[in-house]
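Shared chain: subunit A. Partners: subunit B in the first complex, subunit C in the second.
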Partner chain A sequence: MSSRLELKTISHRYSDAKEDVLKDISLTVEASRSVALLGASGSGKSTLLRVAAGLENPAAGKVLVDGEDLAGTPPDRRGIALVFQNPLLFPHLNVVDNVAFSARMAGFSRRRARRQALEYLDLVQLQDFAHRHPWQLSGGQEQRVSLARALARQPRLLLLDEPFSSLDSRLREDMYNLVSLIREQLEPTIVMVTHDRREASVLADSIAVLDTGRILQHGPVPQLHYRPDSLAVSRILGGLNEIPGEVTGGIHSSALGRIKVQDTVDDGAAYLVIRQETVNLVSAGTGVVDGSIASIKSMGAHTLVTLTIDNGSTAKPAVRISAEVVGAPDLSIGELVGVDFEKSAAWAVNS
Partner chain B sequence: MSPGPATPPFTGPATFTLEPWTSNAGGLARSAAVSLYIAAASTLLACTVGFAAAAYILAMPRAGRLVAAVSAATIPIPHLIGAGAVGLLLSDAGFLARILGMPDGGFPTFVGGPFWSAVIFEYAWKESAFVALVIVGSLARSVGGLCVSLYIAAASTLLACTVGFAAAAYILAMPRAGRLVAAVSAATIPIPHLIGAGAVGLLLSDAGFLARILGMPDGGFPTFVGGPFWSAVIFEYAWKESAFVALVIVGSLARSVGGLCDAAATLGAAPLQRITHVVLPLALPALAVSGLIVFVYTLGSYEVPWLLGRISPEALPVRAVRLFGSIDLDSRPQAMATALVSVMAGAVAIIGGLILLRRLRGLR
Partner chain C sequence: MIPTLQRPPPSMRTSMPGGAAGRTLMGLLLILWFTLPMIPVALWAVAGRWHAPAVLPQTYSWEGWSSAASSGLFPALLASALLGAGVAILATPLGFMAAVSIRRLPRRYARPVEGILLAPLAIPPFALVMGMNVVLLRAHVPAAAGVLLLLVVTALPYTVFMFRSALAGYDDRFEEAARSLGASKAQSIRHVRLPLLTAATSRAAFLAFLVGWGDYIVTLIVGGGQLRTLPMTLASAASATGNEQLTAVLSLTVVLPPLALLTALLLTRRHGRIR
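Moving on, here comes the complex of A and B:
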């Protein structure tokens, strides 16, 4: 159930489209690892999964599984299972026969296929629902059956195309736990598509960020959050703070002052990106810089506080920085507070 | 009312009395019950045997003639003669008892017995012949037409559903190339059957377009038009109705089947398995509904068998229309009977189809 997937310079264009939906994409997923393709709607992430599954033929590039080129191999012979956003259970079959479908297609007897299906239903804790019909299940149960059906295929690769996006937050948490359990027990190679950066962070070992048909960056989850390659990656990962300035010899100069950044950034105009979760609010005069509070927005257990930094010039637009703090701090609009963050972790990206 | 002095009947002034009814009410009731029992049992048996005989006569035209002749010969025999013959046959010292070697008490008491068996047998025998000949007389012509109409309807429906399903599967599987098939199907539907029948006639008749293209205009071409298998009629219906079937299936599956086929493909289903295990089961309700509509329509449709079919036997609608248009007013009841047979066959088909649809309800 664990194979290595390589996508090499994949390009694809739909017949009625004016430009490529996938542009020269290369991605490697090691066996038993989980990679999330993160991007906005229309970024091409679902198309990439369909290409890997054989449901779309790429205009250029190769799909390799364990080094085997799958060009010309139809989807039913690739050994790649795909769980869709919609559960797509067969309405004319009950739950156990849905899960037994792949075994039946492989020529196993109905009895043997059902026996095997029950094992996978047990894995997703739905054995008691074996003889129900799809329309008698809730959304979460349907998606569990869909997952069990894909696993019963015993695929070399498991592809998940936003399978939990239609579930409520509690069901989604249940599904995350289930996927973790499946990863522990079966160690499948997983490629999942999502536009939810939290889901990607919870379920994947690494994230590949897609935008307009290109992979902008692929790396471990913390790297994507704290060391993005570009403003676009930072934004897609939910980063709010982009402080404009100039980099000279590894020093970023801005309204926040002179801050040492990574050596790899080029001299010239650059943005300092600081995760809002790492920004602390302190008493005025004790932080890196002072700012006046422009807005306070509750995010449930957290509060997003946005401050305006005086950049000493009326010609330039005011610099804003956001801080995500725990609880509901006793602050008011216009109040002057200090902004503090770990300077050694500062990260800049060229504009 | 107290009984008055005894007076001889039918003398003196007229008086009203219930005495004749009540003095022996038990005997009267018993006689009535016996008569009702004999009548009911004889009728039931006569109708059963008569219907079986009629079915045999209609189904087996040659062997049935003997049964029909025997039945016809039975009718003029007076019941008294029949009763005598049955008595000689079934009494405890009769012909049957002697043949079976049971003349001294071992033979059942048919004549004069508690179940009035010999009486019922006599009536059933004589009246079953009457029932059989009435049924044969009323249905002899309609049954031929009914068989032809059912054959045309069943064959056309089967062919239309097969071709229609194949076309629908193609349209759904090949979005681009399928557009042409869908357009041709949609364009076919508004063509009236009369025009379609004319076109098929020009194409398939023994001096038609196809025969000329194939170079067989002088007898070598099969008899599609007016032939024994009603081929041209069935072809016309199958062509026109398959387009209807295809569009109904496409309409019912267009939204869902693409995703389900993709899911089936990633679960290891080969293209043919996707059709047999996904598309066909999902299409069954639409196929059943459209097939039922095609069957009932074809059963009652007039123009095509009139134009492309044989002169004899006639399809039910053709016969009904001819009889309704006849200058002989005596034909009207026959026309109504023919139309009624057509309606009843259609009703049976609809009821059967609805039962089937209820069983398919699970295939949502």
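Moving on, here comes the complex of A and C:
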């Protein structure tokens, strides 16, 4: 049940809008792969799913599934199932009949449709709830049924539109495990929309970052985090460190000193982007540079320590660098510590 | 952090003072409130002789029923049923269309339009009828059509309100979900939209039916005595003395059919599934 999806130069504008919500978007999702569309609300990510599902006709561009152009194909003939943020279980049907819906629409007998539905309910571990009504389920159970209902359609492509955003964090973890299980068993091609970068990283093989209707970068999860194309991508992926400086011949010069960066960066003004998770705190004088602690913020099991770089320079504003360290380090504001990171992985983006 | 959506705890849903015992008591009082006035009527309907101070009838008979049959009960039943059905058939789709239109209007226009549609509830029926009667007579509108027209207007606030509240909870994405699950446009209307609005439709139609079925003032004034509906027959029986049995039987025939209809509605709603 998996197909290759190609979106080619898609543009779209809602009738009452002044600006295009999607601008010339191209994206390819290989069969059985999972791609996350990551972006803030209003970035156009949900619209892109609606275009793929056929619920919205794009102003320009093509949707191809296994090479076949779906222009003019109504949503029910596309073999693409969309799971919404809200479970949208049909309130007049019980759980098993909700899951049996697509088989019934395809003309199968009620008995056969229900038998198949029970298999999918089993997959989401809700077989015992088959004869309940939607209003008798918890939010997490409703979303599981919604997922089972979409899978029971045996779609070529599964589209998930922020389906877990209304669940609490523990239920979300359960749903992530469920999606992994589904990926193992059914290998569907998945395109999911989320504004949660952690969710995108957990569930997807690659992430496409959307901002104001454009795809800024599409690549494997580590690439997006450690080798972003732009400052915007780094920020959307939660990167905190942007050290201003100049690049000349592949060397970035800044308050941190001269650091070799990737060859592909152009000469001129550039920011060094260093993930806060890769920055270590060491004794003063033993790291790349020293800094005094400006703030300490608990993030639960981790602590975010922000330092002001102290190398005698009088640059304004002072250059700051953050480190996300494990546990709660015994540090105090103003204390001088060393900052260390893997220089060989240094990455710069032009400003 | 995104707030989690949780159902209110049971304590919030059943927070009536007095706990379970208080709720049971209130329930019983409500049942009494509705049934108590019907007990003397039910007894009179089968009483032969019943003089004060006897608590129960001294003799029982079917006399009330036979005299009701001979004083035009069946034609009156038919007339009332037709009037109720006519009002329901016209006011239900009109109410649906009005509710859909209000939903599509921008908010600042929707409120006044809604106010106008609900206005008949605020106007005393007598004032409405007296005013309209003159207009209808001058326009040479046949009496029966005039009655129907006025009753449809009277029923409209109920049907609009029913569909307004049903549509407020209706999410168009139900149909989109159905489409992406392989339902054609027609299938999504038949298997999703219609069933989801069935309850509201039957409730709206039921209320509209009641407006026609139980009306007295409009039928009396605009109908000019030409329409012998059940309430008309009942009123003429009740205005004469010594007709207690007949009045009781006619009262029961006014009350019981809507109750039976309501019960049927409640029973069929439990059996919704894909057909």
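We adopt the following convention: the second predicted complex is superposed on the first by the 346 of 351 C-alpha atoms of A that agree within 3 Å, B and C clash if a C-alpha of one lies under 4 Å from a C-alpha of the other, contacts with A are read in each partner's own complex, and residues count from 1 in each chain.
Here, contacts are C-beta pairs under 8 Å (C-beta built on N, C-alpha and C of every residue); 3 or more make two chains touch, one makes a residue touch a chain.
Please read all numbers here as calculations on a predicted model, not as lab measurements.
In the three-chain model built by superposing on subunit A, subunit B clashes with subunit C. By the document's definition of touching, neither partner reaches A:I296: not subunit B, not subunit C. By the touch criterion defined above, A:R110 reaches subunit C but does not reach subunit B.
In the superposed model, A:P75 makes contact with both subunit B and subunit C. In the superposition on chain A, no contact is made by A:V202 with either subunit B or subunit C. Of the two partners, subunit B and subunit C, it is C that touches more residues of subunit A.
By the touch criterion defined above, A:A318 reaches neither subunit B nor subunit C. By the touch criterion stated above, A:H92 is placed in contact with subunit B and with subunit C alike. Of the two partner chains, subunit C is the only one touched by A:A100; subunit B is not.
The residues of subunit A shared by its contacts with subunit B and with subunit C are 53-55, 74-76, 78, 80-82, 84, 86, 88, 90-92, 101-102, 104-106, 149-150, 153, 159.
By the touch rule above, subunit B contacts subunit A in their complex via residues 176, 259-260, 262-271, 273, 277-278, 281-282, 362-364.
By the touch criterion stated above, subunit C contacts subunit A in their complex at residues 1-2, 4-7, 171, 173-174, 176-185, 187, 191-192, 195-196, 198, 272-274. Subunit A meets subunit C in the complex at residues 53-55, 74-76, 78, 80-82, 84, 86, 88, 90-94, 97, 100-102, 104-106, 110, 138-139, 149-150, 153, 159, 165-169.
Chain contact summary for the complex, subunit A toward subunit B: residues 15, 53-55, 74-78, 80-82, 84, 86, 88, 90-92, 101-102, 104-106, 133, 135, 149-150, 153, 159.
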